[in-house]
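Just so it is clear, A, B, C and D label the chains in written order, and each chain counts residues from 1 on its own.
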Amino acid sequence: MNPTDVAIYGAAGYGGQELLRYLAGHPAFRVTAATSSRHAGKTVESVLPGLAGFYPDLTFVTPDTPLDDAVQAVFLATPHGASEAIATRLLTARPDLRVVDLSMDFRPETSGFVYGLVETNRERIRAASRVANPGCFATGALLALAPLYENNALEGPAMLSQTTGSSGSGAVEKPGTHHPERVQDMRAYKVLSHQHEAEIRAEMARFGSKAEGWMVPQSGPFARGIFTVAHATLARDVDVDTLYRARYGAETFVRLRDGTPTLRHVARTNFCDLAVHRRGDRVVVLSTIDNLGKGMAGQAIQNMNLICGFAEDAGLLVPGANA
Amino acid sequence: MNPTDVAIYGAAGYGGQELLRYLAGHPAFRVTAATSSRHAGKTVESVLPGLAGFYPDLTFVTPDTPLDDAVQAVFLATPHGASEAIATRLLTARPDLRVVDLSMDFRPETSGFVYGLVETNRERIRAASRVANPGCFATGALLALAPLYENNALEGPAMLSQTTGSSGSGAVEKPGTHHPERVQDMRAYKVLSHQHEAEIRAEMARFGSKAEGWMVPQSGPFARGIFTVAHATLARDVDVDTLYRARYGAETFVRLRDGTPTLRHVARTNFCDLAVHRRGDRVVVLSTIDNLGKGMAGQAIQNMNLICGFAEDAGLLVPGANA
Amino acid sequence: MNPTDVAIYGAAGYGGQELLRYLAGHPAFRVTAATSSRHAGKTVESVLPGLAGFYPDLTFVTPDTPLDDAVQAVFLATPHGASEAIATRLLTARPDLRVVDLSMDFRPETSGFVYGLVETNRERIRAASRVANPGCFATGALLALAPLYENNALEGPAMLSQTTGSSGSGAVEKPGTHHPERVQDMRAYKVLSHQHEAEIRAEMARFGSKAEGWMVPQSGPFARGIFTVAHATLARDVDVDTLYRARYGAETFVRLRDGTPTLRHVARTNFCDLAVHRRGDRVVVLSTIDNLGKGMAGQAIQNMNLICGFAEDAGLLVPGANA
Amino acid sequence: MNPTDVAIYGAAGYGGQELLRYLAGHPAFRVTAATSSRHAGKTVESVLPGLAGFYPDLTFVTPDTPLDDAVQAVFLATPHGASEAIATRLLTARPDLRVVDLSMDFRPETSGFVYGLVETNRERIRAASRVANPGCFATGALLALAPLYENNALEGPAMLSQTTGSSGSGAVEKPGTHHPERVQDMRAYKVLSHQHEAEIRAEMARFGSKAEGWMVPQSGPFARGIFTVAHATLARDVDVDTLYRARYGAETFVRLRDGTPTLRHVARTNFCDLAVHRRGDRVVVLSTIDNLGKGMAGQAIQNMNLICGFAEDAGLLVPGANA
């Protein structure tokens, strides 16, 4: 079978880098174009030495470089605000293109883009050709709560205490990612004012839920991962253990754990690990994802697999490590 | 002025080590005895090389070594379950001894020990000679919520998402502190079943509050600190900003911050930094402490200063660093 | 093509875990047996949750469990001292077994085992059925120096300053891997007395060199990797840049870098990255490997691929990441 | 006794921050002026929240703000290249000012500045009023080798493999201190081309030694510390153990250790810990310092204490911690 040619826009950012890393071993996709305004003209391997040996012929081009006709599928790993214009330009010329956008420009669902949380929207995604890839915090929160909000079992706001790794801040250094100050630190930011609150609320509403997710985002001293503590009030009595087991039993990329999930076992994978606890009418759900994996590039490939008709898990079955 | 002679039981554990570190520079206390079952017979400086030069004459002795009559004050940094017997033995022989116990054996308040959260119990502590030093999670949670529960402004359980550093596990290695698995990990433990829940409830009840603290303790990949997210429901309308500012304005060791406190600015200090957020009838309070500082040895010295009649901040005015 | 059935002895240690992780995606090997004295009777996925979904039918057995006749290849990831007895037992019954031993029991070369540094011994390994997998420090040092000692261009001892990650201490916690003390620390150990000195000397001697490697092993605060600084004196004038480029140009798993190699770009891969510097008759060679990858499990699979007649890089072409 | 008024130039950089931190507890100095081009007009406590409570009246001013006549002593923690002009301006107006410069502008010794490695230049410093504070790498290297080069016992270049923490890169974020890429990484830079080589050579030459220090600087994933491996060839037979013990026995801030020094025991202190190993005519000396402590601000205060006539250790007797 001939591979499907793929282009990655914003390929030098962390989302793009992680796409390149996953796709180096993907059985059906072949990356033939990678854009980067900052590194245009340099070879991918010189900018990203970890990839040396995997993309000997690939050079970064500017995002306005004409797309080769052979390209069938496009990942937009461009910044919020930049994806929309690129997508519009590409899709005007080539309405048949498969597009997965990693920014929030088409979230939760605009311009014909379907919200790409596969575990809750699989069939709609399979029928689509354009996907808005969920935000990383939203992914961790929605997978933690989906069995509840899908069944209208949530009441009032779910309180989300979520801790993210530093790679969530992107590939360009910032004061908040200055190593001497981050390496043994923890802090919060955008308390009760993070943009993913709206994304979570909208997605819950699509299932008829009036619940909300109120967020306390925290920055942790690790590179990868989001640890989510979701504290929710049950609208009615449900057996949460049975509910979660039934809901996620057949899902490849959601794994139920006793007691607690851990970041290290999902780092550099597409898995979301979950654990559920209950006391009275309150429930605490814990989830872990890799913010660049299931929270970003892994999920984007899962979506692209679906809209291109490949096996959902193609190129994504990588186990997690202990150390 | 002659220094007051002090003995530290359990001096080779992290609580004890930190007491030795703080007391090396204390203007009024002089450590003349340090016990360690494990290291008895070895010099303190050979076991703890960071202290080299500070305790040239101090050798660990077993905990049953007779206490010198000159010793006026005793820190019990012994494990939970071990402090009680030692305290009973010492106090039977010397009822006048000043004792601060860092274990939970006398918490919240038994056998004449006063609960040593200075900011809420200062006068009772000053009048006492025996103090039960609060637990580290409880310290972070209670300081975050005190202005509310002291004023009966809390309703229902406060949900506590608290992340602790690895030094909270003690000085002896454990599977959970194995560096390759901890260094980039995060996980939860004792979800809704941590022993500090009872301590928090009891202390709130002393102020007439029926509120509770439900805990989701998490383990983070840093050595020192507890980051607390306390999510609470207000029982009535209060101006939380004004309330917190008025409540803590005169407290040396509680500092209000805009937006978020940070671990790095309280690490290796006795400070608790706080920030408060509100949306409708919900309030989110964030606090940071060093689990070995304000959460343990620092607070213990603060208590000992009080019951010995010294300045509350003696030996404790150490600023925090950025890096 | 039917997969080749493989057994892993010592599968719950870090070497074994990493073999399981790599082999989960290997096109030609299938793990059908995994031993662990400590975890015998438990499923692999319950002990190693990162592997959940990849080995649903595999349960740890004791090392004395009879080997299934279908098993053609055996990895011994057992501790130093334990491999020899197991290998002897297995090979007495089944002299045709392919065996790669990760311990130092058969190093540098005893009992018909060939020293498995592929880049310098490829053809001898290809012709063998038993391989002694090199030590991690030795791998980093020998790959750094091979172009020199193979050409008799080294004089006197090469001074090796090598820093290893904590996973090199194994999967069981030790004082030296206690997170609060390791997380921001660095120290040396076995200075000029590490057992790999003999392994390095013996391997150099096989190429007619009388050079030695004197080691200053250091422990760094990272989980994975060995950073090697090799300082050597040239026996004669050689153009080191050209020499290294020619020597390693065709090697898949050795990559030359300008200035410096980095740990992060080789972590979780089978690559060794190298950079060379010269001043007068002195040369400084820097190398990086993942101690569990090229320094252990990756290299073991590279060896097993060769002795089983598969492509040398089968299952090993995984790129490195930036973050 | 009235405190001596002190000004810090470049007080918002890491050197300046650390001076502020140490001086908050200094018995003889009082900081009355702090300059920062970047933060002029902001209070010190708002920019550096870890210092909250310690400098309530101090506001950053621009470096060209006139110096109050009461200021007797000045620390220049300004960048390389900036110190010279400031020092010249200040000293022209006030030749009697005590000045310690932390940059390399007056190193090793120009314009009447004495090289401030106290342990080897104490009496010359005591007689001076202007000190060029040594570089951090040079401090670690020179203290490791002083007993040898002072006694003309070194032959040829000492090979220095030195690993620094990220705070050595300064307070402003850089690509090399981007947390996701630094947190588990190690790399080298300026191999055999670091500017401290000249400083080391010049200082050795002052003692009549023709030895050199060839440097392989490395970046480690910790915030504070420099771990130095110095490999040297002895010019003649010396009993290195006895030599080092005799040389440093009376030094407060140099501590001899068996086997290895460690970073954690010197972090946030002014200590340099050392261990010595020998094989034949080769010697390996290991040293650890905090790059911001003995490698920068701590040493600067040690120097200022001397030139102001205070106890050398005033304000600097802070022990190290394990965790």
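FYI, a contact is a pair of C-beta atoms (placed from the backbone, for glycine too) under 8 Å apart; a residue touches a chain by one contact, two chains touch by 3 or more.
Everything quoted here is computed from the prediction, not taken from an experiment.
Enquirer: Give the chains in contact with both chain A and chain C, ordered by label.
Expert: B, D
Enquirer: Select the chain at the greatest separation from chain D, using centres from the mean of Cα atoms.
Expert: Farthest by centroid: A.
Enquirer: Distance from the CA centroid of chain B to that of chain C, rounded to the nearest Å?
Expert: 45
Enquirer: Taking each chain's centre as the mean position of its Cα atoms, how many Å separate chain B from chain D?
Expert: It comes to 34 Å between the two C-alpha centres.
Enquirer: Chain C to chain D: how many Å between their CA centres?
Expert: Computed value for the inter-centroid distance: 39 Å.
Enquirer: Find every residue in chain A that makes contact with two or more other chains and list them.
Expert: As it turns out, chain A has residues touching two or more other chains at 14, 165-167, 171, 180-181, 183-184, 221-224, 262, 264, 322-323.
Enquirer: State the interface residues of chain B toward chain A in the complex, per the touch definition above.
Expert: Residue list for chain B touching chain A: 157, 159, 161, 163, 165, 180-181, 184-189, 191-192, 214, 216, 218, 220-225, 227, 229, 231, 259-264, 267, 275, 277, 279, 282, 284, 286, 288, 322-323.
Enquirer: Spell out the residues on chain D that touch chain A in their complex, using ranges where they run on.
Expert: Answer in residue numbers: 14, 165-167, 169, 171-175, 177-184, 221-224.
Enquirer: Residues of chain B touching chain D in their complex?
Expert: Per the touch definition, chain B meets chain D at residues 14, 17-18, 20-21, 24-25, 48-54, 166-167, 171, 183-184, 223-224, 252, 255, 257, 262, 264-266, 268-269, 271, 273, 292, 317-323.
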